[in-house]
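The data blocks that follow each hold one structure.
Paired with subunit B in one complex and with subunit C in the other, subunit A is shared by the two complexes that follow.
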Partner chain A sequence: MARIILDTLSKQYPNGVLAVDALDLTIADGEFFALLGPSGCGKTTLLRTVAGLENATGGRLLSDDRDVTHLPPGKRDIAMVFQDYALFPHMDVADNIAYPLRIRGEHRTQRRAKALETGTGLGLENLMDRRPGQLSGGQQQRVALARAMACQPSVFLFDEPLSNLDARLRLEARTFLKKLQKDLGVTTIFVTHDQAEALAMADRMAVMELGKIRQVGTPAEVFHRPANTFVANFIGSAPMNLLAGETADDGLRIGGFTVPFPHDSPRLPPGTPVTLGARPEYVDVVGTSTPGAMAGTVTIVEYLGATALVSVQIGDERVPDGADPVLGLTVQAMVAEGTEPQIGARIGVTHQPNRSLLYAADTGDLVSGTGSGTGSGTGSGIPGSTAATVSTTP
Partner chain B sequence: MPRTAVATDAAGLGRARAGGFVAPALVLVGLFLVFPALWTIYLGLTDYRLTGLAAAAPKMVGLQNFRDALADRFFLNSLWLTLIYVAGSAIIGQTVLGFALAWMMQKVRPSVRGVVETVVLLAWLLPGSVVSFLWWAMLNRRDGTLNALLDTPGYNWLIQHPMLSIIVFNTWRGTAFSMMLFSAALQAVPPSQLESARMAGANGAQQFRDVVFPHIRGHVLTNTLLISLWTFNDFSPYLLTAGGPNHKSEILPAFIYNRAIGTGELGYGAAISLIMLVINLIIALLYLTLLRTRKVKT
Partner chain C sequence: MTATAARPAAVPLGPPPSMVVKKFVSRVLFYVVIALLLVFFMLPMLWIVLAPFDASPSLTIKLPDFSTGNFSELWHNPYALRSLLNALIISLGTMALVLVFGALASYALSRVRVPGRDALLYALLLLSSIVSGTAAMVPIFLLMTNVHLIDSQLGVVLVMTGGLLPAAIFILKDFMDATPRSYEESAKVFGASPLQILRHVVIPIARPGLATIAVWALVNAWGNFLVPFILLRSADKYPAAVVMYTFYTEGGQPKLGLISAFSLMYSIPVVIAYLVVSRRYGFRFHGGIKS
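Presenting the complex of A and B:
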């Protein structure tokens, strides 16, 4: 069990690409921590740097108070489960699980006994003589987990642990992994590109973009208060509506409509360009003449089961013939099954001011509220309004 | 249109027409492979000579040639030298050096790798006669390159160390094949398995034993089979030493040539050729059996 501290940790590849850019991060002992981000954001490189498979080119990496920055992977007391599980095809399950023990020089009978003990904990006791090729994807994953557990490391690293499983198994494995991690209590860092996985499994998570951490927080914090428009867009099963507009005395001007300020918006000078963030789940479908509503035409209705995602083209006119309805200002609203409007219908949409957020138009940083505890998204983002961002406006 | 002879093959050709397509190839194979082979078997049973009475009217001597061979110390010497030659230049030289090169080339820059591979491959692509001449120039007693390099003027490598010379020569010439084959094999080793071993703390040798070798085992066997057979049948050392001095580098192909063409004992040479063919078959069967048991195990 260990606390992991990244101290301005950097990884630059020989070709100049800065995959991990001076990151500071502390992962608490026993925490289940997710690194989330799109392809190429550096999350896997960061994980591999923690593992020791990549050499850090700057900064320090501490495991508890031990500096492990330049230790070889085998000396860090860290175990990793690879995306493809990396089981040795020529060894049976028991030998695979006991492999780290074999490298440590433990006796064969002792190794087999420990492998069986670890494997039994994961329901592998009847598969110990099989080769990896004879196992299902889920079983292979459990063998890989058992191999990581066999030498009782103080940190686990999982690289995309669910991506090689089919959709149904993925949900089971998600629950299983979370329970396993809680039972073992071992500090665990996992990498995923799937925001739903990160939200579901992690105690805390870091959202990464281009080698930088854009936000760190609990899944609830990251979901409800994305620190910037990048995170806002990345988190959530349907991306957050990000509507460009500007401030006025009586509200926000968006697409010719005036809508209410989000509740904890700071007082901004009229005419400040801003972005309103409202999750489709928190957008209501109302009549076109409702006060504070934006009126528009329904262009797409996506059936999602219990809910439906309605895309509304904002504007007074219907979409002119031949124009691409996706272009222009579109608001998405999540409505309950059975209440979805017809395509082409004229409707109004309102955001829920207590659940929507305000971002600076130029930097994309959150300006709603203060002290959200995310530790990221510094800087007001709005020139001449630093004071305003600090004070909270009801 | 109903056809009496129903074509059962995928292309719908029927036996006759399919046979027509294959016939030219079969004729060529028969003419240049099967017939000479059978002719060699026949010759091996006669006392056929290049010149003299036996050339005009060869007599059947049965298995006499084979009995002679087994009692011939020059033949047994030649067999022994061939074993050394195959073990030294094919199994140790080409396999080990080829693997070492392939292993090292994994980690170098692509530009360096390209240059090395091209150079090594060039040695393999050159005709045997050209390579032999290059090595003759290298090892020559007077103004040879090696003597100039080592400052040992007048030292005759081909006379003093004939077996070592032809072993080095063949290693130099044939390493490219092993290197290419092992390069391809090494690229097929999943990096995550190597990294997994590294995470467990495995050192280089342990990674090789536990991850790399199990993956390339089949390639090692195939490579060894191919280059053993090629080396076993390789005639080009003759161009360097002609089997000499005093039979010291007279490997089997050189021995056959010296007896069949040199002293004109065609019947005896044919019999030795047949023995070589049988040895080739035994080697091939041995490797194939090994390969098959490996496959069953995994």
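Presenting the complex of A and C:
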């Protein structure tokens, strides 16, 4: 049970690569915290720095109020579960679980007893004499967890805990891990590159890119209000539609169409380049002539079970005002099963202004709801001129 | 349909007869060559199991005129049994040193990034054949004289260890490389010291490699003639390989009975060592554990 504080923590490799770039982060006691990011973003390096397997090159790392920045891994009161579980192949399950106790010099019979107790809690009581090679992936994972639990640490670190499991087992393990963490109440940091895993399991999460944290928040916050286009693109089972356009008096100009502003947009001077972010789940398929719709041709329909992902190539000879359609602009919409249009059909798509966001085109940062720009009230800012075109239903 | 109909009906199945004959003849020739080679290599082995039990052994292979006289003569020879013990001491000593230093050095070389590490390893490997080889015998003799290790079994062990270590490190490093680092890191997170990591994790996992190296070092030291012959002075310190060289009559004729009986006893430990390790570890040279 500990609170972990990162204070401008940095890790630079000898070859100059800054894998962790002056991060400030506080992970609360008992929290299930996810580090999410694409490969090479520094999330595993950060976890290994917290573990003490990498030396921080700058900043401090505090566990409660204890400075552990330069302590060896064994003195940090942590336990780590590795991606490949790192179970010792020459020891049976009981010896594996009891290994931390062996290091502490406990007697063998006592070790075996404690290992059995911990293992029983995870349903391993009948496997205590097996070697890791004789276990399934899920069993191996539970042995690795039992070994981490056996030393009763104040912090758990999981490196890609689910990536070695097959798809079905992964779902089970997700639920299992979340429940286990809640039962134990131990502060847990886990690393994943799978946004669905992070959303499903974490209490809070940090999205990382190139050694920096791009957003910290609860899964719901990160999903609904990505702080920048990187996070917007990374989170969600289908990436958010990010449509380049510019502001006008009566809405956003995108690909020759005029669409309504997202609701809490600040008032921006006309002609400001912006990016509209709209999740495919919050894009509706409508008739081509619906006000505020972008018309286009259906190019791909991906069947996903209860839903289907429709890709629409925006562009139309009947573009209003005779403006040229932007070629290559594609909008994806998630529609219910059975309502998907045919490939080649001409349809219109509208975004839901209450659930879409506006990003600055140059920095990629969220401008919706920030109150910047030319002074519209936060949250309520539907520019009056666009009110007429707001139309979320066909 | 049209393809099958168009095919001429009279095409014979299989290759033409001339090719069948050709194939048969090449097969027969192949096996004849194999059989000849086999006989060639079998002859000395047959001799070594038959001649010791022959009352009057010669250099030909024949069914023995059974007798155990050669062995009782060996028993009464003042140096024979003593030399087997010496050989055991020297080869076990060499094996122990090669294992300890080989394991430590290969682990370090596998885990620590040293500039020019691979070049160093290859250079050592190349030079090692010189160190314990004939070419370096004079300098080695001088060196051993100066450090007062002439006529000492320790000297023999050290020289042979030096000769075997580079190859041992080279092979063991491969085993160490194949051990995932996460095993060690896992132990490290639980607070294990480097020596504990080596003892609890690395050595047990590299055990097949260590066993291979152990037998290889044992056999090499056991069979080495030149190093002990040059570095040892007193006959009671000679290992078996050197003592066998003394089994001549006053007239310079080899005592074939004694030599054959001694050869048999001399080869048995090596065969046993090989069988034990082969059974337990199957002599794999790439035996790392897959993660």
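In this section, the second predicted complex is superposed on the first by the 359 of 394 C-alpha atoms of A that agree within 3 Å, B and C clash if a C-alpha of one lies under 4 Å from a C-alpha of the other, contacts with A are read in each partner's own complex, and residues count from 1 in each chain.
As a working rule, contacts are C-beta pairs under 8 Å (C-beta built on N, C-alpha and C of every residue); 3 or more make two chains touch, one makes a residue touch a chain.
Treat the numbers as computed from the prediction; the structure is a model and nothing was measured.
Q: Specify the outcome, clash or fit, for subunit B and subunit C once both structures are aligned onto subunit A.
A: Pair status: clash.
Q: Once chain A of both complexes is superposed, is A:Leu357 in touch with subunit B (first), subunit C (second), both, or neither?
A: Neither: A:Leu357 stays clear of subunit B and subunit C.
Q: A:Lys75 in the overlay: touching subunit B, subunit C, both, or neither? Say first, second, both or neither.
A: Touch partners of A:Lys75: subunit B and subunit C.
Q: Considering only touches as defined above, state whether A:Ile213 meets subunit B (first), subunit C (second), both or neither.
A: Once the two structures are laid over each other on A, A:Ile213 reaches no partner at all.
Q: With the touch criterion stated at the top, can you tell me which subunit A residues are shared between the subunit B interface and the subunit C interface?
A: In subunit A, residues 51-53, 72-75, 78-80, 82-84, 86, 88-90, 99-100, 103-104, 151 are touched by subunit B and also by subunit C.
Q: In the complex, go through subunit C and note every residue touching subunit A.
A: 180, 182-183, 185-192, 196, 200-201, 204-205, 207, 289, 291
Q: Where on subunit A does subunit B make contact in their complex?
A: Residues 51-53, 72-75, 78-80, 82-90, 99-100, 103-104, 131, 147, 151.
Q: Spell out the residues on subunit A that touch subunit C in their complex, using ranges where they run on.
A: Checking each residue of subunit A against subunit C gives 51-53, 72-75, 78-80, 82-84, 86, 88-90, 99-100, 102-104, 151.
Q: Mind listing the subunit B positions that touch subunit A in their complex?
A: 190, 192-193, 195-202, 206, 210-211, 214, 298
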